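Note that the chains take the letters A, B, C and D in the order they are written out, and that residue 1 is the start of every chain.
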C-alpha cells in the first residue's frame, strides 16, 4: 500500500486537527505520523501527516479545501525518493557526500544529473555513473548561461535542485522558476560572514567556532530561509585554509541533514523562517 | 482562562486523534499545542495536548475513557509551577542552579523545601529563603532514615522530588511511593560508568568526552528511564578532579533542562525509555 | 613554594624556547607546564610557562629581555585567585552564576564588588555577601556616569572587570583605562547579530542555533577579540523570548569558561584575535 | 627542505625542554611547532616537535638518548602522507569516506589497498582505483584466516592499518604485530555498549545521544586507548535502525578526525589513555 505525505498550512482555527483527521478517516486513509505547529505570532497553523492507503488526490484535496479556512495551502506528495539535479563548481566534498549516499541509497533521492560550470568533477560523477553536464559560463552573459542551465535542468524535470557548493549567484528569474525547490549550502554560520570567502572572514574575526548553513535559495544572496545549521570548534592554531578544511565536514553533513528534511517534505516556509515538522 | 495539559497513552487506533480532539471540542476547550507519537515497535500511541478553557476534569476524563481503547492512561494537569522538594548531599552546584532559577522564577517550579543528610548546604538554602531539613543518616538504619525522610517529604506533598546530587541510594520501597516523580542527575553519560566515582572511571578509561544524565529513579541504580543527556569534551590535560569540575556545568544544565520537560508534563514512559512530546 | 605564570610574546626566532627555558633554569625555577605557539602569518611567537620556585621578578624579566628580540612583551603573574569587579544591569543569570562560583571557590577569582546602574540585583549580591554599588546613570551625562563608575572601580584596584550583562556602552576613554582587562559576554554568536536585541534578530532570521560570545572589550562595540563561544540548537517552536531564555544557559557557561582562561593568564592578543595557551 | 616530527616520552626532569631544543639547535634544525605535556600522576613527559632541515636521524637519536633519562622513547618520522591499508566488511560509509578523502588528497595518507572478508565493497574500491583483496574467512579457522590476511598486509608494508567497520575480532597475535598501528572505529560512545549491535543496545536503553569512538586496537575487544569520540542527539522517534543510520555520520567523521591525528604523529600512549599533542 502506498504512503503519502500531506502538508497543510493555513490560518489557525480551533477545529482544524479534528476536521483534517476526519477527512482522512472518511477517505479510509491510515495516519502513520502526524505533527502540527501553530505559530504564536502569526497564528498560522502547520500540519504534516504521513498516511497509508489508496488515495484519490483530487477528491482528497478538494474535500480538504472545503474544510479549511481561506488562504490554506494543501500539498500532497508520495513518500519515497525524490528526483534531483545537483549543481556544483569545483569542490568535491559536498558532491562526493551526495554521490556516495545516492550510491548506497541513503539520501532519499535519485541524482538524475550533475551540472557544473567547470568540468573538474566530471570524472567523479562519471565514476558513480551519474550523467554530468558541463555548462560553461565563459564567453556567455549571465542570462545566456542561465538559459543554457535551464535547458539542461528542464530535460530532467527535477523535484529539487541542490547547490552543492555551486559558486555562482543565480538570478532572481532563475530562482523564481523553482520556488522552495532550490537548496544551497553556505559555508558559514549565517548570518555571519555573508558573501565570498567566509572562512577568511571568520579567521580574521578570530571566531572560536565555524559553521555551515543549508537554506532555500530566494532572490537575495545567502538570505533564504534556513533549514539546518551546524558548527565545529576552531582555535588560534587554525589558519584560514585549515578552517576551510575543517569546515568541509560540517558543510557536507549539514547539507545532507537538510536534504533529508526537505525530501521527507518536513520543511514549511513561514516568512523568512522555516517550520520543520 | 486557565490552561491545562492532557496526557494520553494507549494502544494505537486509526481514529484516536480525531476522537480525542472531538471530545475536547465538545467540551469547548481550545487546543493551544498538540503533539503525538506512535511507537512503531509496540504500536503504543502517545499524545500531549495543551488547551485553554474551563474544564470539568471528571467529565472530560470519563468521556475520553469511553472513546479510548482498553489500557489507556489519561492524565490531566494544570499548566504552571509545580511544587517540588529538592534532596541534596554536599555538592552545591546543582542545588545552587535550582535555587537561582527558583529565585528568578525560571524553573517552572516552586522549591518547597530542601532535605539533606548533611547540613553543609543549609546556609545556601537559607540564603535563598528555602526551608532546609537536615535528616542525618548517621546512627540510623537505612529504613529508619528513609522513614524520617518520608515524614518530612509528606508534609510538603510535593508533585516531584529532585535528587540534585543526593548521594545515597534510595530503597525500592521509597522509590515506589513516588512513581515517575523522582528525577535524578547522574554524573556520567549513562550507561557508561554506572555507580560510584564516574569521573575517576572516565579518567582511567581515557574518554574524550564526559557527560551527565538526568533520569527518573526506578528500583535499579542508575537504570531509570533517561530524560536528558549532555556532554562536554575533555582531553589528556584533565585530571580526574578537573573532569569532575568540568562536568559540573553539564550536570546542572542537563538537570535543569530535564526538569523543564518534566514540569511541563512532556515526558512519558515507554518501558525503559522516555517519549518526550 | 609559590607558582607563577610567565607570558611572553615576541617575533619568532629559532632559539627562543631554548633561550627562555635556559633563563628559567639558571634562576632555579621548575617548569610545571609550558605551551608555545607561532602564528604562521605574522611569525609572532607566544609562550606561557607555569613555574614553581622563589622568583626575583625584576631580575628574571631583565634577563629575559636581554635574551629576546626587540618588541617582546614579558608579563609575570602569580598563580591563584584574581581580584575582580563585576558590572551588571538587571539580568540575574550571569551575575548569579559568578556569585555562586565565587561562593564555592570555583571561579579563580574573588569578586571584590558589584557595580550596577540599577539596584535590581542588590539583594542578590548582598545575599552572597558581596558589596554592591548602585551608580545610576540617570540625570548624568555619560562622561559623569563613567567618572562615578571609575571612582568606585579604582577604590578596588581590580585586576579584571567583568561585564556580566552590563547593558550600557562604555566609552573608549573608559575602556582604555583597562586594556585587555575588561571581559564582556555578548548574547549572540558574534559577528552575527551585533548590537541590541540579538535574540529578536536571531528569531527573525530563523536561525537554528543561537550562541553567546565572551570577548575582551575594545573601543568598538561587540568587536573585541573573542575568547570563547558556545551555541545551543533552537527551532521553530522557540519564540524570541524563549530563545532569550534558552540562551541564558549558554551565556553564563561561556562567560565562566572565558573567565577561567583569562584568570589563568592563558589569553594573548594577536591583532583582533586571541591565542589561548 | 624536508620536515620531520620528533616524538619523545620519558620520565619528567626539569631540564628536558631546554636539553632537547639544545640538541635540535646544534643539529641546525629549525623548530616549526612544539608541544609538551607532563602527566601529573605518573610524572611522565611527552613532547612532539615538528622541525625543518637536513636531519641525520641516527646521530640525532643517539645524541638525544644521551641527554634523556632512562626509559625514554624517541621516535622520528618524516612529515607527509602515510601508507595505509584499510580493512572493511560490508558497510560502505566509513570506507567511502576514506576513499573520497584519499581521492582528493585530504586524508594525510595513501590507501595502498583494501582488504575484506566479503567482496561487497570491491566495486567501490575499484571505482576509486584502489586495489581490493577479498580474503574470505569462510571454511578457514581464525588462525588460517589471519595468516592469509597477514600475507596480503605484509606485501604492502603499511605504516598504519585502519579498521573501517571491519566486523571480525582480531586475535592478540595479529594485533601484537602492529602495536599502536591499528585504528578501529567502534559504533558507540565507549565504554557504553561494548560488543555487538551497540545501536540496538542504545535504543533499548533509551539514550538521548549516540556516539562513536575511534581507538587503537589492543588485545581486548573495544578496550583500546581512545583517540577521538563524537556524539549526535537522538530521541524517541529514532528506531534502532534509524539510530544506526544517524550514527554513520558521526562514525565516519570521528574516524577521519582520529586518523588525521594519528597520521600527523600527534597521539602518544599513556597506559590505557592517549595524550594528543
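Quick note on the criterion: a contact is a pair of C-beta atoms (placed from the backbone, for glycine too) under 8 Å apart; a residue touches a chain by one contact, two chains touch by 3 or more.
What you see is a predicted model; the values in this text were computed from it and never measured.
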Partner chains that chain B and chain C have in common: A, D
Same or different contact residues where chain D meets its copy chain B, judged by the half mark: same
Whole-Å separation of chain centres (CA-atom averages), chain B against chain D: 41
Chain A and chain D: spacing of chain centres that average the CA atoms, whole Å: 36
Chain B-touching residues of chain C, taken from the complex the two chains share: 92-93, 96-97, 100, 103-104, 106, 124, 127-128, 245, 248-249, 253, 256-257
Contacting residues of chain D [partner chain C, same complex]: 14-15, 17-18, 21-22, 25, 30-36, 38
Complex interface listing, chain D residues touching chain B: 37, 39-41, 189-193, 204-209, 211, 225-231, 235-237, 239, 270-276
